[in-house]
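Residue numbering begins at 1 within each chain, and the chains themselves are lettered A, B, C and D in the order written.
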């Protein structure tokens, strides 16, 4: 398993039968590939769709049927479409059980930054601010550190925030961490990770109670 | 013509081709019977319908198809249904060209009272407060005075208000009056009415420029 | 995913004393009559109801009123109900009258995570008393709060086991907006269909909002004012 | 009542310099491409646009940008547009980024006569700077204002001469909400049908909101990310 697969597989274990879930672009989207057999999870896409199906077979792509990442998708029996206003009413109203998204930075208070790097190409926050402010539970699923090994999990985010105190759980290829009033609790270790390794690649001190259980 | 017919006929002359109109219960509902030949007016009913048709033929009543007065009605080609929230979004957003409703009292500042008589059976304001606060133009269509001859058009309403400064025009069997910053201007006289009669049955002084034209 | 309950009784069985209930319908059009009857049979007390109307004597929510199970009510029009007046004047029922559009928008806001919004309805009237009033572009607006409920009892035309619903004509009214605003939404539907049979572009209430679906028993729908072309009956 | 215009060019002909335009679509899905092209051809200047995205280079609103006709833009995501960045950094375009749900709700509020509402999105971020923040039940909410426009350019699937519209799949997105929020809404539809042919229970945009209807010319719809089962592209 590569890092992305570990993260997506582990995040999928947070799903429960009958959950309505919004998956962000990138690794979170891959979580859909690991829904346990026999479990029914309904995907919400903030551009106005409930019941997102798999990618289409070649030749059956439909330009009018895309997910929030603008990727072609399919519909399922029971799919419903609605406007962007209705979609965010659904999100803002707390009807989505779980939102899984990526991050540039997360910190020990559950602050999240994932939309803007000052001085870099501006893109916009899209629906991320609404999602993190409103979903019943927010999970960040991301690689533990940057490609150069710099921590993304920090004492305090340095980038402009997407949401303040919004993250419940952080899932990386090395660890599962829960945001608590006392700080980040290390709950699980990745397949081959050690506590020392996780702590070294994390920018704030983790609360560790040995032995820490393994992800899988 | 009886008083109600005069009022409804005259109010119908305020309609314009292509207008979207909300008609209140009672005399205003009858305005629909006098839409000029060749003119298309679309009726909005605040319980969630655009394109209200005539009453049904006997045997084709549908319990699921009623107007805001809970009367059975019919649909027309182009009718659309929507929720109460969407209906009042339409009203509040100023998309309805004209709202015609009845009143208990109206005054020279365009204040309207039509929902509550203290000490009497309580009913509720229904959609009237939303309609008068939001329609682009509000016309009161009512009999000029009470059955006992007491004025309903006053210096200042004494009943609890439905809306403050909301009425544009008052149409009765005796007169058409326009609300202006200077007060009520007598614009037209009913078929057999005199200025003296109108003034005597009105609780505030009217601005009159002789000669006053006739309604019809 | 199967949200279908075997009966209206089973679907309402866990409504506790003191619960807040939204109940769909405009007058007697589009009311969830089986769910109301089951709630009356359940015999819970001290309910807080939110509904545009209050039924009429002996029909719809009138039955709840007569069973003495309603402690407070929020609505816009209660004109056809004599018992209600007696109870309100006698201090046995706490009635709050709200402009109909404000009621609809407050429920929509409750379901949409909007805690408060400004509306022009009621500015300059007793409705605005005690509320924040603010001017925007020279006109006064009243700050109104979102409304939510423990349970919503709604009536739909067709539904599937995933909770997707469509409505028929003006029986839609408050039903879809209430469906969004409760912790537990129970839908009584005329016809249960297989998922996929409702046009995905035409679903009015997506299943995420609906927790329980019940097949109606086929009672006769009531008409309050049977008006006919060429003269009212 | 006939709201059908003979061409996109005729339908946009009175858009003046300096107008505020809402333009439907999410990415390139459900954009009114003929109306955008006609607006570019019209050569108006100094437009204020409101749209979730800004097209991509050489497609959709990207063409308006390249024509130098956009003075300001309000949107939630403009990630695929290099020219936009240059213009913003060079001070030639005033860009306001708004959370997507707040953008949708602000437009809905504009159309629904709600001047302002509270939303949790953006509380504690730069989005809340300079805005009123108020706590409800212990959580902070930001006061946001309704948005309206002079014109809305929207894309629908089917429409009739009365302006009733339905949309197809996720091409719906911002189109119906923008249709409610403009002084003049112009709809580009794939198919014009007779009044009565659209199911009255399934009409998404009632005709009251639509002022002009144009038959699309049948351009090829764009796909931004052609993802396929068993591997992309």
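Assorted remarks:
Operating definition for what follows: a contact is a pair of C-beta atoms (placed from the backbone, for glycine too) under 8 Å apart; a residue touches a chain by one contact, two chains touch by 3 or more.
A quick note: this is a predicted structure, and the numbers were derived from the prediction, not measured.
In terms of C-beta pairs in contact, B-C outnumbers the other of A-C and B-C.
Of all chains, A has its CA centroid at the greatest distance from the CA centroid of subunit C.
Annotation: 55 Å between the Cα-based centres of subunit A and subunit B.
The distance from the centre of subunit B to the centre of subunit D, each centre being the mean of the chain's C-alpha atoms, comes to 36 Å.
Chain geometry summary: the mean Cα position of subunit B and that of subunit C are 28 Å apart. The set of subunit A residues touching two or more other chains comprises 75, 81-82, 88-89, 91-92, 134.
Across the assembly, subunit C contributes residues 105, 108, 112-114, 119-120, 167-169, 172, 200-201, 204 that each touch 2 or more other chains.
According to the touch criterion at the top of this document, the contacting chain pairs are A-C, A-D, B-C, B-D, C-D. Residues of subunit C touching subunit A in their complex: 1, 108, 110-114, 160, 162, 164, 180-181, 194-196, 200-201, 203, 206-209. Looking at the complex, you find that subunit C touches subunit B at residues 26-30, 52, 75-79, 85, 88, 95, 97, 99-105, 107-108, 119-127, 167-177, 204, 221-229, 232-233.
Per the touch definition, subunit A reaches subunit C in the complex via residues 17-18, 20, 40, 42, 44, 50-51, 75-82, 88-96, 134. The part of subunit A that touches subunit D in the complex is made up of residues 45-49, 54-58, 61-67, 69-73, 75, 81-85, 87-89, 91-92, 111, 121-131, 133-134, 160-165.
Subunit C meets subunit D in the complex at residues 105, 109, 112-120, 134, 136-137, 141, 157, 166-169, 172, 199-202, 204.
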